[in-house]
Every structure is written in structure tokens, then in C-alpha cells.
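Okay, got some structures for you below.
One chain, chain A, appears in both complexes that follow, with chain B as partner in the first and chain C in the second.
Our next item is the complex of A and B:
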């Protein structure tokens, strides 16, 4: 129990306190521990742990192949890739002129070839999938179901159009005319009266036309309806306000969690 | 430690610090005193509420739908006879979100042990694998089902971000888990994972403090624990009074922070109008 409970909690408390309060202390040894040594210790531990991970991966994939479990054929690629990377990294450079160590980045080596022609394209393929996933996720998010989804849709469209060159060519008067028509739809939906709707639409169009004529139809005036300005306002004010409030919550969450670990109140990480 | 001892200890530490400060505070970086005092007072607030909760005071914890749904998701998997997939993010144990993810895993594995449901935890870091295994092992032991625990339920895939995403997607498509839980630190792979989970019809619950990934999870998952909710998960799932007290303390700190923000805005306004010389921005700047 001492080794599995008290000692881990003590290590967390001591190292946690040292790292936290070391930031306030002007002492070179503590400073170098907090800034360098602690992270290097972690890196050393992680380097050893990678063997555990690698063996676990290999064991599971081999088991799958030997037991001919569902999808075992894919495991052959995993095992093949595992050994190929080890051979290219530790045993065969493929270019005798390049020294060991630099062979992972130097041109003309097997490892570099593997990285450039196998790893990078496969990684790019996975990353490229994001474009399709963003499209399908956006479709779901932008479906008009309630007020919030509508708000999201409208602000999303404004941001998207306002950020591309096309957006700066759309006159704010066009947006105003569009708003008049949308108001007409809203009035019609609420009152279901053709005269009201006609009045709003005709009155609105006349008002916008008169205002446009008097102002000389400037592209970016009134600024409130010019998409590049509007998107900038949405991006820098409501968006930043929301993001910062989430950030404050996250910061406090991290702080409270860290304090709970340091004080030994949270012990779930050792299974308690 | 009773209240009297606690107060004596806290007063002693404060007095010791004051003596140290008035003696010239050697080695202390003076410019960071504001941050130091903030940390100490916030820690004090947390401790106060934790002690209050320990004494048995009733603390209200609002219902978090995402956490309530965790048990529902495990139950659904049991009914369908399909596994639960748990992804503890792609970062190492040096990230507090990963640690929080492993803690939530401990609670989830208790549920899977109780319901006799298969749990699958692919991880992207070897140290996380060890920590997650320990958490699961303890949970299965606590639930009296050590026979159901096997080490390979937590298995390593790869350190590489997109290779990991591909590996987990493969598991999803082949095994078709009924519930997918994503709790930890995520980057661009979040949407790849969540959309694949969505396509197989799994109930999905995500929890992360990675701000940029929250919208993706909100879009693709059934429930999302946003930021601090994720860190409150352990308190909510364990219902341990000291952890719930910590959440209450966190909320009180938030009230203090909001008050300070409002006070800061007013002070800044007075400074900009030339009414006072004191600059709050100078005072709060972290050096």
C-alpha cells in the first residue's frame, strides 16, 4: 500500500509544489530543474515507455494474425510497417555516404524515402479527409432547427462570405435590400396578411433606394451592413468574448485540478 | 485535521511568509508577487470549500447532461452487446487534460465492469497506456470483477497524430462500438474521430479543454463537456464530497475573477481619463 498509494502521492505533491512555486524563486538550481531537468526526466521516462508501447502493438497484431481474427489482413501491414521502420532506422541506411543519425533526415536514405513517399502521403491523406468531414459536420450544424442553429447559420455565412474577396464586392445596399425581403417573409409568416407584407416590402425598398440615392450608393456604407466589417465585428467581439469566457473556465479547471493533485485530494489517477 | 488545526496551520504559513517578506525576501522574484498572492488566495478558497464539503455541508452540483449520459451510453452498449470505445486524447501524461481523461476512464471502467461490457481503450502514448491500465485494473478490482479485466483492453496504437486517427477509425468501422467517448486533449483528429463515430451510429460523448476542438465535438457528438465541465467530471461521477467542494470553490473563484475584471475595467477607465495614476495593466502584467 505504501508503494502504491503514499509514495506516488508524495512524489506528485513534492514535484508539483516545486514546479509551481519554483516559478517564484530566483535560485539557479530550482530554475534549471523547473525549466529543463523536470521535462528531461519526463522525456527519459517516455523513451523507455515507448518499448512497452511498441511491444504491446506488436503482440496484439501478431495475436490477430495467428488467431486469424476479423480483419487480420490489416495487421500484416502493421507488422510489416513496424519491422520496415526498424530496419530503415537502425540497420540499413540505404546510402553508405551518410552517417548514422543524420540518415533519418538526409536525402537518398531508406528512412527518408520511407518518410517522403510513404508516411507523408498517408498522413496528408488522413488530413485531407478533414475537408469532407468539415462539410458533413457543417451541414448538420447549419440545419435550421432552432433559434441558436439559425444564429449559427447566419453568422457562419457572414464570416465565410466576408472573409473571401467576393465579400468585399458585395455592396451593403444589396444586403439592405435582402433584409427588406427577409422582413417581408417574416411579416407574412407572423401576420399572414398580404397588405402588411406588401407595405413592408414596398416601403422598405423605397426607403433603401431613397437612402442609397442620397448617399451616392457607396459600397461600404452603411458599414453595419458591409460584410467584411460585419464579419470582423462578429469575429473580434462576440466570438472573442465567448472564447475568453471558455478560456477562463478552462484555466480555473486546470488550476483547481492541479491543486487537487498537489494536495492529494484527487487520487483517482492511482485508482483510488 | 480539525478546523482549529487548519486555521492555526494557515495562520502560521501566512505569518512565516510575512516575516520572510519583511526580512527582505531573498530569492523571491518580487515582480511575481501578484501572481503568487492570487495562487495562494485561490488555493485558500478551494481548500475552504473542500473542508466545508468534508464537514458534510450540502453542496448543489448542477446536472451535467454529458456526464449523466455516460452511464446511459454504457447501458446502451450492454443492451446492444457491443463494446465501449474510450479515447483519452492524443497527448501524454504531462497534459492535465490527459490526466483528467484517465481519471474519467477510471469511472467509466467501473461502469463497464458493473454492466459486464467490453471496454476498448486505444492510446497514443506508452505512459498513458500504463496509467490507463492501472486506472482500469483498480476499477475492475473495486467492482469485484478482476476476472473481466485484461491488460489488452488498453492498448497502444501509435504516437503519430493521423496514424492514430486512422487506427482508431479502423477499430470503429470494424468493431462498431455502441458508445464512443473522447476525453482528453485533441487536435485536428477530433473531427475525423467524431464524424466516423457518428457515421457508425454510436452514441458519442466528448470532453476536452482544447478550445479549437470544442465546436467540432459539439457538431458531431451527442454530448460535449466544455472546458471546466470536463474537469468537474471526476467530482460528478464519484460524488465524493471533497471533489464536489472543489467544484464549488472553483465557482467561487470565478465570482472573484468576474468581480476583479469589472473592478479592473473601472480602474482602467479612471486611469485612461487621467483621474488616477495607478495602472491596473502594469500591476497585473506577468513578468
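Our next item is the complex of A and C:
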């Protein structure tokens, strides 16, 4: 019990305290431990995790094949890929002129070939599929159901169009005309009166046209209706405010959890 | 009118494979027949350009590559554009990678820009230190003692034998950092563990989806500008006057975004018609 419980808790408490207080104590030995040694220990431990991950992957995939579970054929590719990478990494360079170690990224080696012609296209394909799913999902699920959803949708559209060159070429006057038409639809939906609607649309169009003529139709003026400016404002103000509050919340959560670990209250890492 | 309403409602139940086909087509067409839309630099891209341009010639610049093949279309063009700008201004470029696959792409970028385009010499003008495992621990290691972490570069050469490594012992010995980042570990870890404690200036280039979480650091002045996704790369290419992959991808992205917005608008019209009908009956 001592080795399984008290010792691990003691290690976490001591190392955790040292790492935390190393920032606040001006003691060269502690600083050196925190900045150099502890980070190197972490690197070494992190490197060992690859064995754990590798063996676990192999075990799960082999179990799937041996038990002929659903989709076991795909596991054959996973196992094949696993051993292919090990052979290319540790046993066969494919280019005798290249030294071991540098063969991973050097030209003409099996490992580099594997990265360029297998890994990179497969990863790129998986990521590229996202565009199709985003298009399909936004078509089906992005609905103006309430005020919050409307805000999200309008911001999303402004960002999507305002970020790309197409948005920079859309005049703010076009957006103003569009707003006049949308206002007409809104007035019609609320008052159900054709005269009101006509008045708003005709009056709005006349007003925008007059303003445009007097200002000489500049593409990015009035800036309030120019999509690139609008998207920059969304990024810099509402987005930053939201992101900051989330970050502060996460930071406080991390701090609280760290203190729980150091004090031995949180013991999930030893299975409790 | 009824025909139009029925058509919109029918479109709402269209098989998603049709949507996939439309998206695939509208992305492909501008790649073959570019529209040549003019590119306007946003304030954050201009800030990155101005910061790098203001560095004194011969500055020691650390470029960190934290991306892989999946995010290559977004990040790689900005890495190439920033490297072109750095080499044009005769800066010394040191490259590290917090992602294992970043090393392959960093080598590709250095070979293309440093080697082929500018004819520079490895070890004297640029060096690829490579990948080390450990995420933020690597950043901390670079900050405190780079030579403990990197005893050899990616080609197996001892760091002590590389001429341009003279005088480089820790992060503070660099004049500037550019982080080409697609996620964790990346820009945020560089800000928290390297830039804030040392005051070395940095700029970043990230995927579009990451901009939201990095923007607070840009707004606070901890990061000097941000290249936001492929549009950011295209804007940087326009600023340095060398159009590249970012620029060529912009037309496709513009049209794809427009089509997705049209899908959303169409979907909402259908939704309102359905809601109106259900209320009526």
C-alpha cells in the first residue's frame, strides 16, 4: 500500500510544490531544477509513453482481428502500417548514404517516402472532408430559432464573407441596399401592410442612393457596413471578450485542480 | 410562387451527397480558372509584416513549426511567405518544431526558400534544429538552456559545430519569434512560457479556427499580429509581392464560403416556410 498510495502522492506533492514555488522563490538550485532538470525528466517520461501507446494500439487491433469484430479488416491495415513504420524507422533506411537518425526526414529514405506518399495524403484527405461536412451541417442545422442563434448566424456570415477577398470587393452600399430590403421584409411580417412596406423600401433605397451619390460611392464607406471592417471588429471585441472570460475560467480551474493534486485531495492518477 | 416554395422545401430534404458534389465543384473550378480577386491586407496581417520588416538586418529569428499535413494548406503558405521575407532581409533563421510532422514540412520550406530560391547555406544562414518531444516542456527548455535540449540539429550535426549557433544559448538570444501553429502545443504555449517571461517579440500564423483563442493575446499586445488561416497567408504574400499557394487558394475559398452562406440562407428560408405552414394548419 505504501508503494501504491503514499509514495506516489508524496512524489506528486513534492514535485508539484517545487514546480509551483520555483516561480516565486529566488533560489538558483530550485530554479535550475524547475527550468532544466524537471523539463528534461518530463521529456524522458513522455518518450516512454510512446511504448505504452504503441503496445496498446497493437493489442486492441489484434484483439479485433482475432475476434473478427465488426470492421476487423481495417485493423489489418492499422497493424500493417504499425509494423511498416517500425521497419522504416528502426531496421531499413532505404538509402545507405544517410545516417541513422537523420534518415527520418532525409530524402530517398523509406521513412520519408512513407510520410510523403502515405501519411501526408491520408491526413490531408481526412481534414479536407471537413469542408463537405461543414457545408452539409450548416445547411441542415444552422437555423434562426431564437435571438442567440440569429446573432451567431449573422456573425458567422459576416466572418465567412468578410475574411475572404470576395468580401473586400463587396461594397458597403450593396450591404446597405440589402439591409433596406431585409427591413422591408421585417416590416411586412410585423404590420402586414403593403403601403408601409413599399414606403420603407422605396424610402430606404432613395436615402441610400442619395447618400451614395453625395459620398461618391466609396467601396469601404460607411465603414460600419463594410464586411472586412465588421469582421475585424467582431474578432477584436465580442470574440476577445468571450475568449478572455473562457480563458480566465479555465485558468482558475487549472489552478484549483493543481492545488488539489499537490495537497493530495485529487487522487485519480492512482485509481482512487 | 407555390412552385418556388415547393422547390425550396424540396431542397431542404436534398441528399447530402448533392451538397458534397456542389462544394467539390465550386472549389475545383476557381483552382483551374482563377478569378484573380484583389487581396486587401487586414490590420493584423499588416502588423506582422511591419514587425518583421522593422527587424534590423541580420537579426536572429526563431521560427517554430507546429503543424502537420492536415493543416498544411493553411499554415505552409504563411511559413513560406514569412521565410521569404526573413531571407530577403538577410536575417538568420533558426527552426524548431513542437510537432513531429512539423519537421518534415519545415525542412521542405527551408529547402525551397532558403536553398533553392535564395541559394543560402545551411548552418550559416539557416538551421533546422528539429523536433523534440515534451510540448510546453520543450518551450521551457529552449527558454532556460537551448543547448541542453538540442545537442544536435536535424541532420545530426553537433550544435557546437554549426557556425550560426555561436552566441545562441537560450531563447533570449533570439531577436524575434514566429510561431506557425495549428494547435497545441503552439502559439499560446510560446506566449505563456517564452515570450511573457523574456519580452522577446513574437508574431504568429494560425489556422482560421484557432484565431479566436489567440486573438486575446494579439489584442493585449503580447503577440504582434496574427496571420489568420489561408486568407492571412494570401495577404502576407500580397504584402511581400510574391504570390504563392495562399493566393491561388483564395478564389476557391471565396467561392466555397459564398456557396456555404447561400446554403445557410436557403436552409433558413425553407425553415421559415415550414414554420409558417405548420402555424397555419
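Assume the second predicted complex is superposed on the first by the 258 of 272 C-alpha atoms of A that agree within 3 Å, B and C clash if a C-alpha of one lies under 4 Å from a C-alpha of the other, contacts with A are read in each partner's own complex, and residues count from 1 in each chain.
Please note the rule applied: contacts are C-beta pairs under 8 Å (C-beta built on N, C-alpha and C of every residue); 3 or more make two chains touch, one makes a residue touch a chain.
As the structure is a computational prediction, the values presented were derived from the model and not from experiment.
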| item | value |
| --- | --- |
| Fit or clash - chain C, chain B, common chain A | fit |
| Which superposed partner A:57 touches (first chain B, second chain C, both, neither) | first |
| First, second, both or neither for A:26, with chain B first and chain C second | first |
| Which superposed partner A:70 touches (first chain B, second chain C, both, neither) | first |
| Partner chain in contact with A:247 - chain B first, chain C second, else both or neither | both |
| Partner chain(s) touched by A:42 [first = chain B, second = chain C, both, neither] | both |
| Partner chain in contact with A:127 - chain B first, chain C second, else both or neither | both |
| Chain B versus chain C as contact partner of A:174, first or second or both or neither | neither |
| Chain B, chain C and vertex chain A (Cα centres) - angle in steps of 10° | 140 |
| First, second, both or neither for A:228, with chain B first and chain C second | second |
| Chain B versus chain C as contact partner of A:263, first or second or both or neither | first |
| After fitting on chain A: smallest Cα gap, chain B-chain C, Å | 5 |
| Doubly contacted chain A residues - partners chain C and chain B | 39, 42, 46, 123, 126-127, 134, 136, 138, 140, 243, 247 |
| Interface residues, chain A side, partner chain B - complex | 20, 23-27, 39, 42, 45-46, 49-54, 56-57, 59-60, 70-71, 74, 122-123, 126-127, 129-130, 133-134, 136-138, 140-141, 243, 246-250, 252-261, 263, 265-266, 268-272 |
| Of chain A, residues touching chain C in the complex | 35-36, 39-40, 42-43, 46-47, 99, 101-102, 104-106, 112, 115-116, 119-121, 123-124, 126-127, 131-132, 134-136, 138-140, 142-144, 153, 156-157, 160-161, 163-169, 228, 232, 235-236, 239-240, 243-244, 247 |
| Sites on chain C touched by chain A in the complex | 16, 19-20, 22-24, 27, 37-40, 42-44, 68-73, 101, 103-104, 107, 130, 132-135, 137-138, 140-141, 143-145, 148-149, 154-156, 208, 211-213, 215-216, 219, 228-229, 231, 234, 250-251, 253-261, 263-264, 266-268, 271-272 |
| In the complex, chain B residues that touch chain A | 27-29, 32, 35-36, 39, 42-43, 46-47, 50, 92, 94, 96, 99-100, 102-103, 106-107, 125-127, 129-131, 134-135, 137-139, 141-142, 152, 155-163, 165-166, 170, 174, 188-189, 191-192, 194-195, 209, 211, 214, 216, 218-220, 226-228, 230-232, 234, 238, 242-243, 246-247, 249-250, 253-254, 257 |
